[in-house]
Amino acid sequence: MKMLINGAERVIGDALRGMAAAHPELVVDAENRVVVRRDAPIPGKVGLVSGGGSGHEPLHGGFVGPGMLDAACPGEVFTSPVPDQMVRAAAAVHSGAGVLFVVKNYTGDVLNFDMAAELAEEDGIEVAKVLVRDDVAVTDSLFTAGRRGTGGTLFVEKLAGAAAEEGAPLARVAEVAWRVSDASRSFGVALGAPTTPAKGSPTFELPLGELELGIGIHGEPGRERRAMMTASEIAEAAVGAILDDATPSGPVLLLVNGMGATPLLELYGFGGEVIRVLRERRVEVARTLVGNYVTSLDMAGCSVTLCQVDEELLRLWDAPVATPGLRWGR
Amino acid sequence: MKMLINGAERVIGDALRGMAAAHPELVVDAENRVVVRRDAPIPGKVGLVSGGGSGHEPLHGGFVGPGMLDAACPGEVFTSPVPDQMVRAAAAVHSGAGVLFVVKNYTGDVLNFDMAAELAEEDGIEVAKVLVRDDVAVTDSLFTAGRRGTGGTLFVEKLAGAAAEEGAPLARVAEVAWRVSDASRSFGVALGAPTTPAKGSPTFELPLGELELGIGIHGEPGRERRAMMTASEIAEAAVGAILDDATPSGPVLLLVNGMGATPLLELYGFGGEVIRVLRERRVEVARTLVGNYVTSLDMAGCSVTLCQVDEELLRLWDAPVATPGLRWGR
Amino acid sequence: MAFRDAGFFRRWLTAAAGSFDAEADRLTELDSAIGDADHGSNMRRGMLAVAAALEKEPPGAPGAVLLLSGRTLVSTVGGASGPLYGTLLRRAGKALGDAERVDDAAVAEALAAGVDAVAQLAGAVAGDKTMLDALRPAVEALPDYAAARGAAARGAEATVGLRARKGRASYLGERSVGHMDPGAASSALLFDALARAAADE
Amino acid sequence: MAFRDAGFFRRWLTAAAGSFDAEADRLTELDSAIGDADHGSNMRRGMLAVAAALEKEPPGAPGAVLLLSGRTLVSTVGGASGPLYGTLLRRAGKALGDAERVDDAAVAEALAAGVDAVAQLAGAVAGDKTMLDALRPAVEALPDYAAARGAAARGAEATVGLRARKGRASYLGERSVGHMDPGAASSALLFDALARAAADE
């Protein structure tokens, strides 16, 4: 497999050095692997820290900035970062108002963030945690590690970030974050597998004429392999899986997310089908975002995320945000 | 090849319907294939119209909005739109102050826009035209169709769009556009070919261990095939080709552009190398943009564009813009 | 020398639409080697639109058939080939005026005028490896339709050895040598259909 | 019963680092089938960091060797395996205290405490298709190091038939059956290196 890299070992460091050079509004510590907004810590403001394996860009580093994250910790490709990074990030953004860890629900992420929370609290930093677990493809039962965090992470980081930017205290920011997390549902589909630099070949084989339903964002195969479907059928399957899990009783935010290698042209066509299905199922879409936001390297495919919102959450969504990956209102 | 579509014939119409559903701030006429900002025509404002083959998203439809284009005409995949679309777009955005056509220098685009200009002028609309021809991989001589328009298009549309938004008259907007066009230089590299819906297989074969230097954005092979290179070597080749053509005598805007399927993680690493080479060659980078902006469906690869700017152009770059693909300041 | 009415031109272009429908993949394949892999679908789309337009409201005069067809190509094809083939037919249509029947000499003259207009619009000359390398010898062989077909085919074949100086293929420089120009191949299809229409009379 | 000093533990973990370096691709391949294709590179990175740390400032006591190694794993591996293997070694290190030499019974007891800590942190039990399916039988076979190696290998082998209930592989449900758990495979490597270190004494 060909990659635009200097060697598998250098991928993360090189990317962070490039981020540092491209974004003077961020402080990027490529050695210790922490991305922090330049004006942190902001007196009186709760610090939002997230992180996870790399390969999902712009998540998380691209969501650092006013109105969203204060810091992000990029791990190795598809590998949770280590506690040292998180502790360093917490210290960098802590102004005395405490820190919220936004954690995608994977065993590795949970274990590392928990260790970090313990260490940060030993350092006198109050830490709260929100788990994102929005992927309805995973049955949440005793027989799994629980639902994965995928596209819903964007909503949690944006809305909790807006609350923190408004000056809400830690308990309130955490409450918003949990509310958003609980209100988010996602479903993903792969037309092809990603290739990690370390492995150098696709993480699974997907023959022509087949697709994977219910995939995650780490190159793991999905819940089910099926004969190739049209965009319209895929939209029905994805929306169907989400609504079967829980039908929203109010308006939703909609994320039509590309996995990395699916052209925006196709993604918009797919998004149109998703909106059609939602309309047929009488779900009101308040805001729509179409693009590559929570990716899986060069995976071909897409995911759909719905997040039910009330007036307050909608206001937080519309609030200004200024990050490399998401920006409006300033 | 697997695609997230309903059939090759439906790709453009479906994408436009999806755009219409996702972007209430745009008027998307999927049947006639014109994307117009909802508040057009704006009294006294010059209308900016661009267009080209589809498959380069967010270019051009994703650049419609305050501070950039007033309308865009999407053609079939990699095929220039037809004059009818352009005439319709011109009429939709014409407020009496005239219309500027932003045309990428390809035979098809030039011929169709020229026909449209004639027809629009017959309808009493004053039309000016700017050609974007920034690709240094093409020798501009009697023996070619002249340089292709690629990444520089983003700069022309943004800066001329800002000038038009400020209320500059047609002659002035055209002058800015030509100045930006003349000051822009690009070079592109492919690690893999794109697959068009109509053909269904990659437009050229690129064996493992090889890459194409000097590619365009339509799946055409490049100037030269070479053994695979590192990101650092590719950055040296791309920047070298640009500076060999013309070394900037002042600060530049830098676009590190992904062709569609190259992960942002790799693109940032590559961007870091580009900035390093520019620093070594004593070129001052005033602003940097990293991302997938002028794409070629699912092509793996990247391009580098430099645009030399003076104080006025830098101010126009920093001016607010609010489009689906590029947004800041509001 | 035979006279041709509107029906002849409609049969020609309808037959050509059939050829383009059948040969679209081959043309796209040619365009894939030295262009952007769309010539076949461009021409199929345009010619099927031409056939539909001619079927819907069949014009009564040869000139009107060519004008409508040319305008339809301009409105539906896009790319380089839309304006070029559109100009070819529109210019030829104008040359034929309102006459209800035209002789083969007039047809030859009109198509030659169309090719001149293409050359002027395109800024291309013989040997540039474009559709003109098939169109020019073809119109020069008219009014012998069979000879024109052969000349177009040979002209297209001869583009294989040429280095492109116009259109997308020119970006490839030396690498364009060794491939047939897709536009020249489609021009050969056009004159093949013309010869078949003439033979059927 | 033999006594073990810090050198023994350093040799164990340095040998293990060599195994992980050599076997990284195989572990990643296993993780690719039912996980995210990173277990090999995770463990190689972590264990090479352990070997480097032990080389740079070799601790003088068995407990300190394990503590330093565990902390290094936590700081360099990430993922699920970093905290889990880190906890295994840190907990075992704590159990060994400051003693300069420890007997095999103490080693067995310390590693068993480490495995208990892993189980508690991970919330996993036997049969969940995780590293515990190799770790648990291995520590139960201690202090016989060769038997522990065999038990770990058999435990890893037995995960092939299991359906995963913890970690990433659990997302696959039934589709996880038929593949060896990568963490169990790496645990077998760890006990293989331990047995070799013991045999070399």
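Letters A, B, C and D mark the chains as written, and numbering starts fresh at 1 in each.
The rule we apply is simple: a residue touches a chain if its C-beta (ideal position, glycine included) is under 8 Å from a C-beta of that chain, and two chains touch if they have at least 3 such contacts.
Source: prediction; values computed, not measured.
K.L.:
Considering only chains that satisfy the touch condition with chain A, which of them also satisfy it with chain B?
P.N.:
Shared contacts of chain A and chain B: no chain.
K.L.:
Comparing centres built from CA atoms, which chain ends up most distant from chain A?
P.N.:
C
K.L.:
What whole-number Å value describes the gap between the mean CA coordinates of chain A and chain C?
P.N.:
Centre-to-centre distance between chain A and chain C: 53 Å.
K.L.:
Could you state the distance in Å from the CA-based centre of chain C to that of chain D?
P.N.:
Chain centres of chain C and chain D, defined by C-alpha means, are spaced 73 Å apart.
K.L.:
Express in whole angstrom the distance between the two chain centres, defined as the mean CA positions of chain A and chain D.
P.N.:
So the centre of chain A lies 31 Å away from the centre of chain D.
K.L.:
Touching two or more other chains, which residues of chain C qualify?
P.N.:
Residues: none.
K.L.:
Among all residues of chain A, which ones touch two or more of the remaining chains?
P.N.:
In chain A, the residues touching two or more other chains are 77.
K.L.:
Please classify the inter-chain touch graph. Allowed labels: line, ring, star, complete, other.
P.N.:
line
K.L.:
If we use the touch criterion from the header, which chain pairs count as touching?
P.N.:
A-B, A-D, B-C
K.L.:
Please output the residues of chain D touching chain A within their complex, sorted ascending.
P.N.:
28-29, 32-38, 40-42, 45, 74-84, 121-122, 163, 165-168, 170-173, 175
K.L.:
If we count contacts the way the header does, which residues on chain B are in touch with chain A in the complex?
P.N.:
1-7, 10-12, 14-23, 54-55, 57-58, 62, 77, 191-192, 208-209, 211, 228, 230-232, 234, 256, 260-273, 275-276, 288-290, 292, 295, 297-298, 300-302, 322, 324, 327-330
K.L.:
For the complex, give me every residue of chain B touching chain C.
P.N.:
Chain B reaches chain C through residues 53, 75-84, 106-108, 111-112, 115, 137-139, 142-145, 148, 196, 198-199, 203-204, 216, 218-221, 223.
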